[in-house]
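Listed below are the structures to be examined.
Below are two complexes that have subunit A in common, paired first with subunit B and then with subunit C.
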Partner chain A sequence: MTLEAKNLCFTYPCGRSVLQNLSLRVEGGERVGIFAPSGRGKTTLCKLLAGYEKPQSGQVLLDGKSLASYRGYCPVQLIWQHPEQVVDPRLTLGKTLREAGEPEERLVQALGIQPEWLSRYPAELSGGELQRFCIARALGPATRFVLADELSAMLDLATQAQLWSFLVEETTRRGIGLVAVSHSAPLLDRVCTRRIEL
Partner chain B sequence: MEENRQKAPLLQVQGLTVSFSRYAKGFRRVTLPGVRDLSFSLDEGELVAVVGASGSGKSLLAHRLLGILPHNAQVGGQVLYRDQPLDDRLAGKLRGHEIVLVPQNVSYLDPLMQVGEQVKGEKGDAQKASAALRRYGLGSEVEKMYPFQLSGGMARRVLIATAVQHTPKLVVADEPTPGLHPEAARRVLGHFKELAQAGAGVLLITHDLEAALEVADRVIVLYAGAAVEEAPAASFAAKELLQHPYTQALWQASPNHGFVPLPGTQPVGQLPAGCAFAPRCPKAGPECHEGAVAYEKRGAGYVRCLHPEGEQL
Partner chain C sequence: MKRILNNLRQPRTAALIRLVFAAAILLAVMIAGMACREQALATDFTRKNLAPCAEYLFGTDWMGRDMLTRTLSGLSLSIRIGVVTAAVSAVVALAAGVSAALLGRWADSALTWLIDLFMGIPHILLLVLISCACGRGFWGVTIGIVAIHWMSLARLIRGEVMQLRQSGYVQVARKLGASPAAIAVRHILPGVLPQFFTGLVLLFPHAILHEASVTFLGFGLTSEQPAVGVILSESMQYLATGRWWLALLPGICLVAVVLLFELAGKSLAALWSVNAEQEAA
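And now, the complex of A and B:
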């Protein structure tokens, strides 16, 4: 499959323009690193590619068809930088994990999610533990592309290397395309097959 | 000179323990350990980093030093500030001017108050406040801004300016760099180094070992609430200079040094018997799963391990 951004333009309501005529093409199985200073629109680009925001002009296409025309589970899944902000504080993590369908046991095991965490609430786990749930939730069977927006900026080095090596292995075996956004050039060089700068 | 040499360290933390009790199901109470047996000292002019994964108890240390732990926290061990016990009463008296906290992010600012007013504080001096902001490259236009108008890097500088306008003796910085571009992060860390060079003791609490190494004199590594190693920053030049297997695993996991993943997870809540790192440790033997392991001086630092690097020596 191919995820394609064509001439994306995005301006915030306050009039600040962050993306101008941005085009990008990612194939399944490819890992593209996006590197840029703060405020260049990295997160905005992720939100556009995953369909959370609409561009003022330009298109996001999945296999040549507009992403908005896909119904049901979105094949492009975004993993956010702050996991504690994207899990329901009033759901136990067992329920959060099943929000997008029953996860494969293999994924849960490979991510090191412990059975006793499933009955806890988000406030009782650390960021690194919550991020494991967010990754498992984003890797449903229909996922074709994964966008990782500063997935590990809040994590220690050991957890960072562990989660990335899992994601690289999993996306490779399933032919999933990966877009990784980070401030860290050495990290992107480790993870990605190519790197672009905004 | 003589007197200077014998002066007690600015801060001494001895066997600090912080734990919480909470209700599990019904009335069954469980105790959750936060910080276990943490000891270190900090001198004036020194910058010491406390590094650990999230959930390792780093912020609890910061909150203990400022005397702002929640009421259900149970605290053990001793903290001495200039040889006086730093209890909640003394911390309350000194915080805000002599002992300051630079918090993590803008959510610690009042969203409805202009920056200039906030930096000044209730009893502050407007001129002093604008001088502090100017020192960090923030002009008078910033004083009129509200927190939501600040970029991540500016917000961090506002928080530093607020904390340091009264020339503090002890600066506690809690995760000052995440989300910043490397350039901006380096600048923020540079400001902390300047404070240390001007004579303050700076405690930098962070998950980012690599950022810490750019400025720290010594590094204390926490795992599951306990210090596993204290080492001079220079020891991080090579894996063999580090003593604890967890510190070595962190070093190896860096994208600059092999990106080797460490399997498993830091224990949450109930800790295993013996060394907390043993279930993930490549060197662990049966003895590591029994009884607590002491934190001992070894080589240039301290380590809590039965099989530290180069143990045959």
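And now, the complex of A and C:
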């Protein structure tokens, strides 16, 4: 499959323009790193590519079809920078994990999710622990592209290494395209097959 | 023993105890009042105008009616009206608030306009008008109170749902293919339930006091019913002659009932909230 951005333009409601005529093409199984300093619209680009925001002009295509025309489970899944914002504080993490359908046991184990975490609430776990749930949830069977927006910025080095090597292995095995966003160039060089600067 | 004490210090347990305490007293008053309705209406001119004493704790009035049973059955009626009106107006508020926030811009404008319209009219005036138009009595008062109490809670819930709809986890749920109905049930309704219950129980005191006021003014329950509003308005004529117990004791009981409802509401909200333990700690 191919995820394609064509001439994306995006302006914040306050009038500041962040993306101008941006085009990008990612093939399934490819790992693309997007590198830019803060404030260049990395997160905005991720939200556009995953369909959370609509560009003022240009379009996002998945296999030549507009991403907005896909109903139900979106094949492009975004892993957010702040996991605590995207898990419902009123649900146990077991329920949060099952939002994307019954999770694969293999995924849960590879991400180091402990069985006792499943009955806890998000306030009782750390950011790194929550991020594992978000990664597992984003890797449902119908996922074709994963966007990782600074997914490891607040984690310690050992956890970062563990999560990235898991993601590389999993996306390669399933032929999933990965778009990794970071302001750390060495990290992207290690993880990705090619790198783009915004 | 130590474990029991520790358990009692847990905020959840303490809230549960307060809730059961308040609910038990209110229920007891309601049932006792219904049971002694006959006595509350019985007149006996051999015992009229007695000050509070061992036999008649609340004294008796100018027709020799026992004020304790009259107060109890008045409060019982108030509680029943309060329960019905608060429950109905809270459900109306929940439906209005959720549909304003979820059904799109047109429904939102219409409902916001309706809320503003109802809020713009003085409450007691609207209550008197609706109560009279519906023929006074129990149903007039009930319909009137429901009509003037749903707006502020509806507005609160609408704002809350709007905010939840923008939250990251609702956006993610949409991308994970959850239907709008599933999102409403799983993420949005549980998110507004604490506000709903706090609002519901905070409606009780308002409803009860409005019932008493409209009855006191003579547009609510009829004077043969032993309602607190009736007791208070009748006792006004006798206050000047020094029969203080006719107004004071039923008045204090009315305030106590209102406070009990407030206690129950706050305990319920504390029990519901996921973060109750962290907040209380």
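FYI, the second predicted complex is superposed on the first by the 198 of 198 C-alpha atoms of A that agree within 3 Å, B and C clash if a C-alpha of one lies under 4 Å from a C-alpha of the other, contacts with A are read in each partner's own complex, and residues count from 1 in each chain.
In the analysis below, contacts are C-beta pairs under 8 Å (C-beta built on N, C-alpha and C of every residue); 3 or more make two chains touch, one makes a residue touch a chain.
Remember, it's a predicted structure, so these values are computed and weren't measured experimentally.
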> For subunit A, which side has the bigger count of touched residues, subunit B or subunit C?
Replying inline: B
> Of the partners subunit B and subunit C, which touch A:Met1 in the superposed model: first, second, both, neither?
Replying inline: neither
>> Let me test your reading of the model: by the given contact rule, A:Ala123 touches which partner, first (subunit B), second (subunit C), both or neither?
In response: second
>> With both complexes overlaid on chain A, does A:Val108 touch subunit B (first), subunit C (second), both or neither?
In response: neither
> After lining up the shared chain so the two structures overlap, which partner does A:Gly51 touch, if you call subunit B first and subunit C second: first, second, both or neither?
Replying inline: second
> Taking the superposition as given, does A:Ser165 touch the first partner, subunit B, the second, subunit C, both, or neither?
Replying inline: first
> After lining up the shared chain so the two structures overlap, which partner does A:Asp189 touch, if you call subunit B first and subunit C second: first, second, both or neither?
Replying inline: first
> Between subunit B (first) and subunit C (second), which, if any, makes contact with A:Gly39: first, second, both or neither?
Replying inline: first
> Who does A:Leu91 touch here: subunit B (first), subunit C (second), both, or neither?
Replying inline: second
>> For the complex, give me every residue of subunit C touching subunit A.
In response: 167-169, 171-173, 175-178, 186-187, 190-191, 274-275, 278
>> Please output the residues of subunit A touching subunit B within their complex, sorted ascending.
In response: 37-39, 81, 112, 114, 116-117, 124-129, 150, 153-162, 164-166, 183-184, 186-187, 189-190
> For the complex, which residues does subunit B have touching subunit A?
Replying inline: 51-55, 151-153, 178-184, 207-210, 246, 249-251, 253-256, 259-266, 268-269
> Which of the residues in subunit A end up touching subunit C in this complex?
Replying inline: 50-52, 72-74, 77-78, 80, 82, 85-91, 99-100, 121, 123, 137, 140
